[in-house]
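Shared chain: chain A. Partners: chain B in the first complex, chain C in the second.
Right after this comes the complex of A and B.
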């Protein structure tokens, strides 16, 4: 699972790289004092036109042997991941940044600088793409009761069944209810199929780029309602146009029982190349 | 739209861990080369970590116990070190340990 490319010193300090920014933007505006946490200081390692946003970390902590255990430690992992995100958010307030994935550690400053200079062209291209932009997340949740009520207003069959169910008695009332529930369920199924395209198309019209992410399970989303959409968008840093489009979309689908949730601004995790090109 | 209206769409701070995980663990540039640590099999690992983060007790409620006898996580650890560690974590969290559960099964 862990592939060391060199024999590691087991002790001492290495460099944890959070992301890469342009030296002229970052150095002037960030200066010193970007603290990742009480114990961790963030430093800007400048190399040519780029700076690496990095912290000294214990090589022991990120050691190949220890890492599987560490990664199984939810407390450790949450703290590290939140630090990673927090540092990049602080940078994002002042400068565009290409975020690295979790766990990017260099043995020494020489290796970190060599990366910044050797992959400088690809890094600058990635930086150009996200300059002046941020990532936002949009999630949509469906409230079943409100969905049924909304559909009843649009769907003659549902309206008719509701009327019949409300006047019917005994066993017939039960059967009408069942038919109504089944009809609402199939409507919801159909809506779910359309929702992705509908929401994504509307939001893409106000974004530079965007993509659909996998849905989150309820135990992760933290909401009881079912998630029907999860997307990420690259938008201008002021977000004005995008938030207008989001507001108008939210009003249009509220009657369908759909609520939108906006997250961010995030560093553009979803809009940087996974692996830097050969250039 | 007004900022008041926008607040309705914003989830509270800090960010949901699920949203942070889905980005920090899954996205961002991956640098291969003279770097020391490479997280491979990240998708599989992420799925597992997400389940763990969902909290061990909740996972148990849902019948998720992937860490028990998991070849992927045990690999390279030898001597069931990880299992032992998880057992310790479970005990610390006041959960029935894997061992107890095996014997009660």
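Right after this comes the complex of A and C.
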């Protein structure tokens, strides 16, 4: 496949780096047939024990001046983001990979190779950390009605209030219901405070590493239920032990109205160094 | 909710997960050998652009500090 960018003048091409893998793993198993998307060829740029997983891209496309406009083009951005992830997922099927952040573009092959050699030690250390592992995401959502029902089974006050609210009439029923809502809300507040301990601690015992991430607002999570936990875990690539732990946790907290959502496997975006300067 | 709406919702969730990771995480290579996207709040720009149907973008309610954090 010939990338359309190949028709541009040579000096206008840079290298988009998706990630870095070990040469022995990547070259043997990936071969040359790594296609990024419909229109882009992916190449393995070998430098010592490492390979950069990269594509030639137009420097104009990622130029600092042009980028703000590009970034506001939803179609362009979504396509580039999906390509970035797609390439890394293909690599991940065969080899461990240190993922780069979106938009890592080198002016030329010399610059890319210089990065791979000068930062070789740090990159190898980062690779060692994620070797044979993948990242998974775990989110917990609370269903308020089921949460209230679950709490009522454990909490006498809530049970009593529920009974009173269901038999009371008029203004009194309204007040009882308000009190019930407040009590459930404060129980929920308490649960939120404990969620990290209850969920994260248990999942950490089945993971190599893990992180508590910021919660997402309902508009972003795409679910009506409130998110009470958001985490990322570095787990062995087969994921067996982790998924067992997750399943048993899910059964334990289901009666509290808590549902768990698993995403991945992802390249270990959350478990690589944030910054690797060019020196 | 219709099937196609559910499908759209699911795709949007997946895209959000992607945006959060691809734009916000992963190794950042800084220095003069790369074109620099430093200084651009990629994740904010990305979310704003890609989820433009969303009226409000709230900051996360609380930022829990990482336990057993990455380096």
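Just so it is clear, the second predicted complex is superposed on the first by the 264 of 279 C-alpha atoms of A that agree within 3 Å, B and C clash if a C-alpha of one lies under 4 Å from a C-alpha of the other, contacts with A are read in each partner's own complex, and residues count from 1 in each chain.
In the analysis below, a contact is a pair of C-beta atoms (placed from the backbone, for glycine too) under 8 Å apart; a residue touches a chain by one contact, two chains touch by 3 or more.
What you are looking at is a predicted structure, and each value in this text was computed from that prediction instead of being measured.
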| item | value |
| --- | --- |
| Superposed partners chain B and chain C on chain A - clash or fit | clash |
| Which superposed partner A:128 touches (first chain B, second chain C, both, neither) | neither |
| First, second, both or neither for A:67, with chain B first and chain C second | both |
| Touching partner for A:247 - first (chain B), second (chain C), both, neither | first |
| First, second, both or neither for A:114, with chain B first and chain C second | both |
| Chain B versus chain C as contact partner of A:211, first or second or both or neither | second |
| Which superposed partner A:260 touches (first chain B, second chain C, both, neither) | first |
| Partner chain(s) touched by A:106 [first = chain B, second = chain C, both, neither] | both |
| Contacts of A:196 with chain B and chain C, given as first, second, both or neither | second |
| Residues of chain A at both interfaces, chain B in one complex, chain C in the other | 14, 17, 19, 59, 62, 64, 67-68, 71-74, 77-78, 81-82, 84-85, 98-107, 111, 114-115, 126, 137, 214, 216-217, 219-222, 263, 266-267, 269-270, 272-276 |
| Chain A residues touching chain B - in the complex, by the definition given at the top | 1-6, 8, 14, 17, 19, 59, 62, 64, 67-69, 71-74, 77-78, 81-82, 84-85, 98-107, 111, 114-115, 119, 126, 137, 213-214, 216-217, 219-222, 243-244, 246-248, 250, 260-263, 266-267, 269-270, 272-276 |
| Chain A - residues contacting chain C, complex | 14, 17, 19-20, 59, 62-64, 67-68, 71-74, 77-78, 81-82, 84-85, 98-107, 111-112, 114-115, 126, 137, 196, 200, 204, 209-212, 214-217, 219-223, 263, 266-267, 269-279 |
| Touching residues on chain B, where the partner in the complex is chain A | 1, 5-6, 8-11, 14-42, 45, 49-50, 52-56, 58, 62, 67, 72-73, 75-77, 81-82, 85-86, 89 |
| Of all residues in chain C, those that touch chain A in their complex | 9-10, 12-19, 21-37, 40, 42, 45-47, 49-52, 54-58, 60-71 |
